[in-house]
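Each of the next two complexes has chain A plus one more chain, namely chain B in the first and chain C in the second.
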Partner chain A sequence: MKIDRRYIFVFIAIAIILPTIFEVRMKIDISEPVKKIFDRIESLKPGTVVVISNDYDPAAKAELYPMTLAIMRHCFRKNLRVLALNLWPQGAGLVRMALDISGKEYKKENGVDYVFLGYKPGGGVVIIGMGQNLLGTFPKDADGKPLAEMPLIKETGLKSLKDVPLVIDIAAGTPGIDSWVIYGRDQYGFDLAAGCTGVMATDYYPYLNSGQLVGLMGGLKGAAEYETLIERADEATRNMSPQSFSHLVIIAFVILGNIALIVEKSKKKRRS
Partner chain B sequence: MIFWKRTVPLALAFFFGVLMIVQYFIPHEWFENLLDTMARWGQIVGAFGLVVGIASLTHSHYFKIKRRVPGWGYSIVTLASLVIYVVIGFLTECDDSPNAPFGWGYLYILMPMQASMFSLLAFFVASAAYKAFRARTIEATVLLIVAIVVMLARVPIGSYIYENIPRIGEWIFAYPNMAARRAIMLGVALATVATSLRVIVGIERSYLGGGD
Partner chain C sequence: MAEVAEKKSSSGFLVLIVLLGLFALVNIYLFASGKLPSNFEGIGIMIAAGMSLAIYSFLYRDNPIYKLAEHIYIGMSVGYIVVYDYYNALKPNLLDKLFFPPPSETYELWLIIPLFLGALMFFRFSPKYAWVSRWSFAFIVGYGSGMAIPRGVKTSILMQIEATLRPINFTDASGAFNFDAISTLIAIVGILAVLIYFFFSLEHKGPLKVVSRVGVWFLMIAFGAQFGYTVMARMSLLIERVRFLLGKWLNIL
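Entry: the complex of A and B
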C-alpha cells in the first residue's frame, strides 16, 4: 500500500503542534544512567570545579541545550564551580547563553563561580593539553581575560584535568564522548559523565558498563529526566509530549504498512 | 626529491610514533613535558586545519560560480556569508552578545537555520520508517518489534501504555545493544592498532599522497 508521504508529514506536524499548543504534561520516569550523573554531582563538596564540555552546534540544540542548562543549574544550586568549553566552534553561543541564564538565576559571578573558556581547535589534542597544563592550553578565557588571575583558578589551585573530579561532556559527534574517554578520562583519571543525542546513546553503553562513564543522558528524554531530578521542569519536559505523540504516529504508520503487507500476501496466496 | 617527499616524512612518522608510544608507558617528567609540547603543536596544526578548510571551501565555491554549475547562486550566498561574517567578527572582536551583529547573526540566523534543518529529520524519519519497517522475514520482524519497544521506551507515553516499557528499553540498551557495540568497538580498536603500526613502520603510506 502506497501512501503519499505528504500525508505522513501532515500527521507528524499535527502530532507535534497540538501537544505543543495545549502543553500536555506527562510523568517522566528516571532511568539509572541519568540518576547516576545526578548522584555524582550531589556527592561533590561546594566549591569543587566541574568541567562541562559542550561539543555540539545549534543543529542539536533541541536535544542537548536543555541538558547543558539543567547540568549548570544543578552545579550552581550545589555551589559548585563550572569551567565550560567547546570543542565545536559553533556551540560557543549556546554555552554562553546557558551560563548567562543559570548564572543569573543563582547569582553567580563570571570568573569567580564560572569561567567560559570558549572554543579551541584540535579536539583530542585540546583534552591532552588540558590534562597536562590547563593554563598553557587556555591562557585566556573566551573574553580574553587571563585565566591565571581569575579567583576560580587562584582559589582552587586548578592546574590541569588531574585536579578535576568530574567532567561532563555533552556531545553530538566527534570530537566528543569518545575523545574525552580516550584522551581524558583514561589518562587523567577523572570521572566522566556524558549527554548525547538520542541516536548516539546506544553507542556509549559499553563505556557505561565498563565504568568509563559514570552516567549517561540520551536525547531529549535524558534531558527531561534530569530536569525532573533537579525539580526544574523546562524545555525538555515541555517537549516530551510532542515527541511522545510523534513517536506514536510513526508506530501507527509502521503498523499500518505491515497490515497492508499481510493483506497483500494473503491475497497473493489466494490467487495462487 | 624522493628524500624530502618520502624518506623524511616516513622517518618523522616512525620517530614520533615510537616516541608517543614510549611516553605513554613512562610517567617521567621529561615525557610529561614532551606530551605538553606535542599537545600545543597539535593545537597549532588544528588551527591551520581551519585555514585549510576555509581555503578549500572558497576554492570549491569560486569554481562553481566561475563555471556556472547548477546551483551556483548558492555558492555566492556561501562565500558572501563567509566574508561578511569574518569581517563582522574582526570589526566587533567576535562580541557574541545578542545586541552585537556577531551575536545577533548567530542567535537569529545560524541557530534557527541549523535547528530547522535538523528538525526536518522528524518528517523524513517517519516517512522512511513507514516504507522500510516491513516484517518480511523473521530477522526483520525482530528488528521491527525491538524498534517499536525502544521508540516507546524513549518517550514518557510508553509507560502509560505499559509500565515496564522503559525498563525493557533500558534492558535492550544495556545488554543486547551493548554486546553488539562492544564487539564492533573491539574490532575497530584492533584495526586502529594495526593501521597505526603500519603507518609507524612505513607500510601504510597513503598519507604521503600521490598514491605512493
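Entry: the complex of A and C
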C-alpha cells in the first residue's frame, strides 16, 4: 500500500493554516528546565549584567527569535542590564531588532541599560577572550562606539565574564551551547542557561542533568513556555496551536502507517 | 517514452506559467488595494513571499523556480557573510591595525603573521600548490586541538561521569520521597545498558545479551525523542512561513 506523500503535505498544510486563521489557543504547561531559567533571572538584583549570546541565523528565526525577545523582555522588566552579542554573523540584524523592540517597550537606553557588541568571529576563542578581558576582545560595540566609555561598563565595573553571574546562550549550532559550556561556564564559573532549536534539544539534557546548564528552552515549545512565564503571549504562543494540530496529523499518519504495515504483513502470512 | 516525457515537461511548463501569472495577479491586487505598501517594504514582502512559495514548490516536484530560489538563497547568504566578515572582522582587526592605524596608535606589525597564514589558504585553488595551504591548516589544527582537548575532556567526559556517580537522594530536605531519584536510577540503568551494547570485546550472550537489548531500547527511545523534537522544529519553521504569507503578504490575519 502506497500513499503519495503530497497528500500528507496537504493535510499538514490544512492543520497549520486553519488554526492560524482562526487563532485557536491552547494551554501551555511549563516544564522544569524552562522554569529554572525564569527563576534564575528572577533571583538577580536590578542592575546586574546578563550576557545574551545569540548564535543563530535567520533560518532558525521561527524557533529562536521568540526566545531572544522573551528573555530580553524579562531582563528589562527586572531592570537587569543586557550585553548582547553574536557568534554567528547572519543573526546580528535579528538581535538588533529584538533589542530595539524590548528596549523601547521598557524605555531602556542603548549604552546605559544594554549594549550590543555585534558579531566577532572565532567562537570559542571569543569566549575565552571575554573571560580574560572583555574590553580587549570587544573594544567597541556594534556601532563602533568605545565600550570603555559606556555607562553600562563604567557603572558596573565589568571587566570580564568572571563579573557576570548569568550567561544565556540561544543557539542553532556551533559555535553555540557546547562552546559556552566548554570555554566559558566551566572556566569562568558563571551560570549558563540555554535555548536551542528542537533538533538540538535532546543533546543538551546531559548538561542539564550535570548542572552545567541551569535551564534549557527547547524549540518553539520552550519559547512559548517562556512567554507564558513572563505573561507576555507573542509569536511562539500563537504558533503553538498550529504546531499541536500538525503533530496530531503526523501522529495519525504514523498510526495509519503502522496499521497498514500490520495488515499487509498478516495478508502475506495468510498467502504463504 | 520520449513522447511521454516531452508531454510531461510541456504540461509542467504550462503549470509554471499559470502559477507565475497567478502570483503576479495576486500581487497587483494587493498593491492596488493598499494591502501591501507601495514602497520598498512592500516590494520586499512580495519578493520574500515569492521566494518562500518557490522553495515550497519543491514539495510538489523539483522545478526550475525552486532551483532559482535555492541558488539565490545560497548566493545571498555567502555574499552577506563575506561582506559582514570583511567589515566586522577583517577590516577592523587586521587591515586597519596593520595598514591604517589611527594617529594615536602604532602599526601592529605582528599581524603580518596571521595575514601571511591566511593568504596561504588561497593556494587551495591551485591543484599544483595546494600543499602550501597545509601550513595554515597545521596551525589551525594545532591551536584548535590544544584549546579544545583538555577543556573538552573535562567538560564533556569528566563532569558527565561525576554527575552520573553522584549519590542518589531518595528523600528531599523535608524527608518526603524524592521522585527525581527515579529519573536518576533510570539514567544510570540507561548509561550502563547502552555502554554494554557498544562493548564489542565479548560476545553478547546470556546476561550480556539481555542488558545490551535493554541498551537498544534506551537508544530507540532516545532516537524517538530526537525525531519528535525534529518534527517540532520543522513544523515551527513551516508555521512561521505560513503566518508570514497569510499575515504580512496576504493580510488575512
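Quick note on the criterion: the second predicted complex is superposed on the first by the 272 of 272 C-alpha atoms of A that agree within 3 Å, B and C clash if a C-alpha of one lies under 4 Å from a C-alpha of the other, contacts with A are read in each partner's own complex, and residues count from 1 in each chain.
In this section, contacts are C-beta pairs under 8 Å (C-beta built on N, C-alpha and C of every residue); 3 or more make two chains touch, one makes a residue touch a chain.
Quantities reported herein were computed from a predicted structural model and do not represent experimental measurements.
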item	value
Partner chain in contact with A:102 - chain B first, chain C second, else both or neither	neither
Touched partner set for A:219, first chain B, second chain C, both or neither	both
Partner chain in contact with A:16 - chain B first, chain C second, else both or neither	both
Which of chain B and chain C A:120 touches, first, second, both or neither	both
Contacts of A:54 with chain B and chain C, given as first, second, both or neither	neither
Partner chain in contact with A:206 - chain B first, chain C second, else both or neither	both
Partner chain(s) touched by A:239 [first = chain B, second = chain C, both, neither]	second
Comparing the two partners chain B and chain C, which touches a greater set of residues in chain A	B
First, second, both or neither for A:68, with chain B first and chain C second	neither
Interface residues of chain A shared between complexes with chain B and chain C	9, 12-13, 16, 59, 61-62, 90, 92, 120-121, 125, 128, 198, 201-202, 206, 209, 218-219, 221, 243, 246-247, 250
Residue numbers on chain B that touch chain A, as the complex places them	32, 35-36, 38-40, 42-43, 45-47, 49-50, 96, 103, 106-107, 110-115, 117-119, 122-123, 125-127, 129-131, 133-136, 144, 147-148, 151-152, 154-160, 166, 170, 173-174, 177-178, 181-182, 185
In the complex with chain A, residue positions of chain C that touch it	59-60, 77, 80-81, 84-85, 88-89, 92, 147-148, 151-152, 154-156, 159-160, 162-163, 187, 222, 225-226, 229-233, 235-243, 246, 252-253
Chain B partner contacts - residues on chain A that touch it in the complex	3, 5, 8-9, 11-13, 16, 26-29, 31-32, 57-62, 90, 92-94, 96, 120-123, 125-126, 128-129, 132-133, 136-137, 198, 201-203, 205-206, 208-209, 218-219, 221, 224, 240-241, 243-251, 253-254, 256-258, 261
Residue ranges of chain A in contact with chain C within the complex	6, 9, 12-13, 16-17, 20-21, 59, 61-63, 89-90, 92, 118-121, 124-125, 128, 140, 178, 181-183, 186-187, 197-199, 201-202, 206, 209-212, 218-221, 235, 238-239, 242-243, 246-247, 250
